[in-house]
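Notes to accompany the following structure.
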Amino acid sequence: MTEFDTGLPSVRQVQTYIKDQQEVELKLSTDDLLIGKIIWQDSYCLCLVDHYNQPTIIWRQAIVYLKQKA
Amino acid sequence: MTEFDTGLPSVRQVQTYIKDQQEVELKLSTDDLLIGKIIWQDSYCLCLVDHYNQPTIIWRQAIVYLKQKA
Amino acid sequence: MTEFDTGLPSVRQVQTYIKDQQEVELKLSTDDLLIGKIIWQDSYCLCLVDHYNQPTIIWRQAIVYLKQKA
Amino acid sequence: MTEFDTGLPSVRQVQTYIKDQQEVELKLSTDDLLIGKIIWQDSYCLCLVDHYNQPTIIWRQAIVYLKQKA
Amino acid sequence: MTEFDTGLPSVRQVQTYIKDQQEVELKLSTDDLLIGKIIWQDSYCLCLVDHYNQPTIIWRQAIVYLKQKA
Amino acid sequence: MTEFDTGLPSVRQVQTYIKDQQEVELKLSTDDLLIGKIIWQDSYCLCLVDHYNQPTIIWRQAIVYLKQKA
């Protein structure tokens, strides 16, 4: 990633999930499936909070997919 | 990836799948096999929708291969 | 990869396999072993066709090794 | 990563954990979960010390997620 | 990798193995251990030949370690 | 990695281990744990020698963590 392009659809979709406090599922390279709400993103990481409001900083390099929680 | 080159065969092939609403199989680094239709791509991600029209944002770094659904 | 250098031995070897319609084995990061003929390469991907002429687009990031089919 | 941007939320959050001597959990790509306090970060690595004050240098490329120890 | 630096110790060591026709072991990210002689390297790949002189093109991204065969 | 920055703490720490002939443990992405003394580093690799003075060239991309041998 040479520069973080905030105009891209994927970045804007994450931004929409943040604004809507959408609960999401994040599948990681270790096969972990994390569930929570994204509270911020930057070019290296996303930050997810769980039901107890505990934040987890997730490295983008480890993200496989992201979807709305069913 | 220094810049996303939309003239490349791989990018154009994905664009054709989007236009044709072709059902595809996406094999991921976690060994998951996702099935659906691609609705957009950018330099970081592809977005796949399933039969219920639920979108999944897939990070390119996690893609192993892509083929038309048999 | 800053730019795709088509003069490199590895790129030219793949180009030779394309021209010769050489059947190859591709080992992937998921431990899948795909067999087929390469029909094109670009800086992100290779495209392999199987015996039924079905194309599979393989991301370079997922390639472990490539050899002629025994 | 083209240059290490110390102004980003993820980098500043790690910096806060360093200053607060916060005990953290680090999930790695090998599925290891390391526990300790971060004592420094640079653009390639984090350094974690355990209860015996033994340092472990962790490569950023291997980090999946980071959270406060529960 | 921005540019392939042929003056680096690691690149020169591989070059020495090529010149000496040294038999080596290559551990790959899939946990495969390949044995053979390196016949060329470029910025993307190494090429290994086995006892039957069959070449295998190995992507650098998949290399974990390299040592002389015991 | 755009350029290898020898002034960074992580690079200098490895340099100190080299100078001190410190025995270290290197955890790799394949879950291998190698033990030995680092004899050199460059921007792609570290070189580790074992008790029999046999060198192993380890690619940085495969390193998960590094610590002093207990």
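Letters A, B, C, D, E and F mark the chains in the order given here, with residues in each chain numbered from 1 onward.
Keep in mind that, in the parts below, contacts are C-beta pairs under 8 Å (C-beta built on N, C-alpha and C of every residue); 3 or more make two chains touch, one makes a residue touch a chain.
Given the structure is predicted, the values throughout are model-derived calculations rather than measurements.
Any chain that touches subunit E and also touches subunit F would be listed here, but there is none. Fewest steps needed to get from subunit B to subunit E, stepping only to touching chains, is 2.
Shared numbers divided by all numbers used gives the overlap of an interface; between subunit B and subunit C this overlap falls below half, so the copies present different residues. Distance between Cα centroids is largest for the pairing of subunit B with F. Using CA-based centroids throughout, the chain positioned farthest away from subunit D is C.
A separation of 19 Å divides the Cα centre of subunit A from that of subunit D.
A straight line joining the Cα centres of subunit C and subunit D is 37 Å long.
Across the assembly, subunit C contributes residues 1-2, 29, 61 that each touch 2 or more other chains. Chains in contact form a single ring whose order, set by starting at subunit E and proceeding to subunit F, is E, F, D, A, B, C. Interface of subunit A with subunit B (complex): residues 1-2, 5, 8-11, 13-14, 27, 29, 31, 60-61, 63-68, 70. Against subunit B, in their complex, subunit C makes its touches with residues 1-3, 28-30, 32, 34, 40, 42-45, 47, 54-59, 61-62.
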